[in-house]
Every structure is written in C-alpha cells, then in structure tokens.
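Chain naming follows the written order as A, B and C, and within any one chain the residues start at number 1.
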Amino acid sequence: MKKLRLIPLLLMLLMLLAGCSSKSLAEQSVLKNSRETKTITWGVKADTKLFGLEDVRDGKQKGFDVDMAKLITKKMLGKNSEAKFVTVTSQSRIPLLKNGNIDAIIATMSATPERAKIVEFSNSYFDAGQSLLVPNDSTINSTDDLAGKTVLGVVGSNSVINIKKAAPKAKVLQLQDYAQAMTALKSGQGDALTTDNGILYGMAVENPGFKVVGGTFTKEPYSIAANKGQSGFTKEANKAIKEIEKSGEYNKLIKKWFGDVPGFNYKELYR
Amino acid sequence: MINIITSHWSELLTGFGWTIFSSVLALLFSLVIGSIFAILEVLPNKIARTIGKIYVEVFRNIPLLVITMFFYIAIPMYIVKINGFVAGTIGLTIYTSAFIAETVRSGIQSIDKGQMEGARSTGMTYWQSMRYIILPQAFKIVIPPLGNQFVNLVKNSSVLAFVAGFDLMYQGNAIASTTFDTINSYLVVGLLYLIITLPLSYYMQYLEKRLV
Amino acid sequence: MQNFIDAYSFINLRFLLMGLGVTVLISVVSVILSFIVGSILGIIRYSNIRYISKIVGFIIDILRNLPLLLIIFFTYFGLPNFGFKPDTIPAAILAMTVFESAMIAEIVRSGIMAVPKGQMEGARSTGMTYLQAMWHIILPQAYKKMIPAMVSQFISLIKDTSLATIIVVPELMQHAQIIYGQNANYIIPMFLAMSVMYFVVCFGLSLVSNRIDKRIRA
C-alpha cells in the first residue's frame, strides 16, 4: 500500500490548518472601521418571530433585535449611517463574529460567562428567561414534569445546556434553527420546546395550538456581542442603549413588538 | 484538536457508531429495494417497467435532504411518528435505492441476452433463470459500484444532523457550538469520516482495477 | 385543498422562485468552475508529474471522501481564518466547486484512461508534444465518453445545493423551510412544490444531455 506513505502528509496538512485557525483575527478596531464606513454589519436571526424573522414578502429580517440594531447604529454613527444585516443562526453567529463576517451580534443572544470568555458583551438590551412551549393539551406544567420526555432545542443555544441542568432526566434533541425546532414540535418529534420566553411567545402567537408554561427558570440577559478586545465598540453600544431607554424609544419598541402578545405582560419590560 | 478528542471522545464515538449503523442499515435495505426496482425495469411487462422507471427517476432527481425532511416532518404529522434517526435512515434508503436500481439494472442488461434464452431452453422459468443465472453474474459486476455507493452513503448520512439523528455530524455541530472551537471540532469529525471512507474507496479502486 | 390554494399564493410562489433562482445560480456557476478546475486536476493526476500528481491525487481523494456538509462548514467558518470572508452565496459556490472539482477530476482521469494508450504514442510519434497530443487527440475522445458520468455528477451538484441551507443560503430549500416554518398547513404543499422544482431542473438536464450524448455518438 503505497498510499500509506501519504498519511504523514495528511497529518501535517491538518496541523497547518489547526495552527492557522488558532490565530486571533479581528485585531483592527471595529468601532473605527464602522465610523469610517458609516455602517455596522449586524448578525441577526431570520427565523425568530418578534426578534428577527424573514418576511416572505420582501425578504427582509424584521423584529425587536433588528429595530434595536437600527436605532443603536444611528446613535453610534449619526443620522446618515446604515445598519447592514446578515442572517445568522445560534450555531453560526459566534464563528461568523470571530471570522469578521459581521461586526456585532444582536440575535437573541444571552450573555453567559462561557461566552464572555470569547466575545465582548454590551449591557443587556432585553431581559429574557428560559421557559417551555408545549401543545395546549400537554400535561407538562414545568421543568419538573420533563423526566423521560423529549425536549427540543437549537444547536448552539444556551438553552440546551440549561435544560440539561434543569431537567437532567429529559432527552434533549438539537435542531438547526427555531423554525426547524417548531416544525419538529408540531410533527410530534418532541414533547416540549425550550428556549427564551420572548421567542416562545412569538411562536405561540403564530401557532394557537401551543402555550408557554412554567414561568422562567433562568435569567437570560440579551446582549450585543462584539469580538474580544472590541470594548470600544461595546462601550459606545452601552451609551446608545442608555440613550434609547431615556428617550422612550425603547418602550415604544417593546410595545410595538410585544404589545399584542397574549399572556405576556410587556409592561414588565419597560425601562 | 487533541483537546477536542480527549474531552469529547464519548460523543464522537457515539456519533461514529450511529453513522455506521445508519449507513449499514440503509445499504442493506436499499440493496433489496434497489434490486426489486431494477428487476421491475427489465421485466417484459410494460406496466412493471414504467413503475420501476418512475421510482428511479423521481428519487434520483430530488435532493436527499428534501426526502429526509419530508419523513421527519410531514410523515409524523399525518401518518406515523418516527424519530430523526429512523427518518434519516429511511431517506437515505430511498435515495440510495434509486441509484442502486440503476447500477443493478445496467449490470443485468450487460449480461448477454443469450444467457437468459439458454437458461430458459433448459426448462427453467423466467424467475428461476433470473435468480440462478442472471442475478449472480450481475451482482459480481456491480460490486465495485456498490462499494462506491456505500462510501456515498456514509458521506450522505451527514444529513442526519438536520433531523437530530445523533450521527457524527450532529455531534460535531454540538461540540463545535459548546467549545466554540469550530475548525478543530470539524477537523476531528472530518478525520473520523475519512477513517471509514478513505480505505473503503481505495479498496474499491483496487477491485475495479483487478476486474479490468 | 384550501391549504394548497393558500400555500401557493403569489407571494409564496414568488419567494420559492427566488430561492430556485439562487439554486440555479449557484449550480450554474459551480458547474462551470468545477468543470474547469476538475479537468485541470484530473489531467494533472493522470499525467504522472513527479510529486505534483501524487499530491494532487491525494488531495482529491481526501475531498471526495468527506461529506459535502463538512466542506461547506470549512468554507464558511474556516476560510475567514485565512483572511477571506465569503458571503453565503459565494461560500456555497466555493464549497460546491471544491467538492465537485474533486469528483469531476476522477471522472476526467478515468475518461482519459479509457482512451487506448496507443493513441498517445501514435500522436507523439507524429511529432506532437505531450500537451498537443492531449489537447487534440486524447481529450476530445475522452470527453465524449465522459458525458453521462459528468452529467449525473452535475445533477448531484444541483441536488446538493440544498445542503447549503445550513449556512442560511437563500436557496430553494431554505425558502421552502421559511414558508412552512411559519405555517404548518403549508408543509405538504411546500414539499410538493420544491420537489417538483428540483425534479424539473434535474430531470430536464438529464433529458437534454441524453440528446446531446446521442447526437455525439451518432
């Protein structure tokens, strides 16, 4: 087998790849770049109602995250600036940020200690908490009822890690994105879907046969994420968030997106 | 890379196992189904031939992912509950069987027509001649292409990741998104796929050369 | 029935067709690129150039034996480490091209190998260089023989573009998923519609190629 001789070559190739990948990338200042180009490229969701959902009519992402990103861009860079959007999933958002495809993430992402090791978080711009979505006739009322049941989540989301702690006896399946997870729940591939309450209420609006149960069992402060070392950017973003809260624009946005969600007390979210 | 292997070996091993299990199951089933449709395609009966042809053409021209998602989402909603692994394996089986049918059909057709006539003249029925004379020869010819189909199957089984089928790719996604070390996670996964596919495809190349 | 009528609204159909457009775009560009790159690689591998053929051959074997899904991930998540940040559509095209070039290279190599060895020797003896003999004598014969294998590979390519949905490329599969993700009643209609669309494109291509193949052989 002559071919065997090539195996060391393969190993060398792999090490080369691995070695290159560990090098840190985004070393230029994102803040400086965006000020020069007057644009910020945001990673947003396209499958999450109320936060970032692609509109079939015009192909644009719409939701609270998207509107926040537009406002923050304006506050950071001035009136004639532009917010650009790239669709991300829970799985792809951190790789794309690290790679520099996007300047920042504003995509239902909660600031967790593990993630804070590799990205720079802003202050929270939305207070979510993890909950459960089940069919109306389900016997599941809280995480205590999940033993032996199948719970659906999304690859790369914090909620699949949390649910394993909150309900260690439940079986957890990870789907590609929220649209897939919801479709799988409807198809009976799982007994409950878990993620943050805001997202779940969005799903319940679309799908009247399903309800959110069990209150919230975690705190998920949604934050903007930029690359490690880009604290200049997150500081400016914090200022922008504060301004938006003070001017009342924040509450307007909350009312716009969450005002009509049944069973959801949106006024609790006012800042 | 070493980190990923040492801290996640059990998930990787599980995924490796499910990938092989799904591929082997799909190969066995698609061999049977593929052969049935191949025989349908060469029967004298015109309706049988048409059915065989339609099956092959439909499933050769629709993406595997579409077939798999259909079984994961649509079938459980309206007919029967099946999980991701089963849905994925069914998808793989149907998709692969169309290709195997093509391979086996051309194998059968490459065997000299005189053989069938000769067998029939000794008093065998059509089915007996098919079973004892034609098919054994046809399968010998199609072994290398079938081996290549198995390599394809192993690669294609990565669609199980779309339906939470626990396979290698699914585990790789989960590892990549918990360790945030995307490249190294996928490098390990790639290496594990190569462990199955590379020797197999070299062996098939060797077999092909020997047959020529 | 009502589900079908609602599902096939003008807006939804337009959205699906936009997805089909992207699928076709990715397919056409990748087919052209992988035909060129694959041919070059296949000829290099066949030609027995010291070391280079071996290394090219080995890289081809690696790529051919990996799942395309993995190559898509590497292109989209991995390449930026080398300073190149493709958008989703270019990333999909690149991934398809890398993978399919390796597949095409094998088809080209075995196509050339199927041309009798004497042809090359004969051509060389008339004073042609290796490359001239390859270009004028060997390749035309080889490519004629390759048409069926080549076309079925390209059909696979078209089908495989559906995998790009994993990096949120706005192609047919992705758009169908977005529509049925927002309304469960549309699941069956959407699967039907996208299956028909893929089928028409792929089967259409195989019909056209059969005709070309017959004409060339005739």
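Remarks
Operating definition for what follows: a contact is a pair of C-beta atoms (placed from the backbone, for glycine too) under 8 Å apart; a residue touches a chain by one contact, two chains touch by 3 or more.
Since the model is a prediction, treat every value here as computed from it, not as a measurement.
Chains that touch both chain A and chain C are the following: B.
Across all inter-chain contacts, the pair with the most C-beta pairs is B-C. The chain with its Cα centre farthest from the Cα centre of chain A is B.
Remark: chain A and chain C have CA centroids separated by 33 Å (rounded to whole angstrom).
Taking the mean of the C-alpha atoms as each chain's centre, chain A and chain B sit 37 Å apart.
Separation between the centroids of chain B and chain C, computed from CA atoms only, is 20 Å. Chain contacts: chain C has residues 62, 77-78, 81, 166, 177, 180, 184, 187 touching two or more partner chains.
Looking at chain A, one finds that residues 3, 17, 21, 95, 98, 176, 180, 183, 186 touch two or more other chains.
Each of residues 73-74, 77, 161-162, 182-183, 202 in chain B touches at least two other chains. Residues 11-12, 15, 18, 54-55, 58, 62, 76-78, 80-82, 85, 87-88, 166-168, 170, 177-184, 187 of chain C are the ones that touch chain A when the two sit in their complex. Considering their complex, residues 1, 72-74, 76-77, 81, 83-84, 161-164, 170, 173-174, 176-178, 180, 182-184, 187, 191, 202 of chain B touch chain A. Only residues 1, 3, 14-15, 17-18, 21, 90-91, 94-95, 98, 115, 118, 155-156, 161, 173-176, 180, 183-184, 186-189 of chain A touch chain B when the two sit together in their complex.
On the side of chain A, the complex with chain C involves touching residues 3, 6, 9-10, 17, 20-21, 23, 25, 46-47, 49, 53-54, 56-57, 59, 87-89, 92, 95-96, 98-101, 176, 179-180, 182-183, 186, 206-207. Here chain B touches chain C in the complex through residues 57-58, 60-66, 69-70, 73-74, 77-78, 151, 155-159, 161-162, 169, 172, 182-183, 186, 189-190, 193-194, 197-198, 201-202, going by the rule given at the top.
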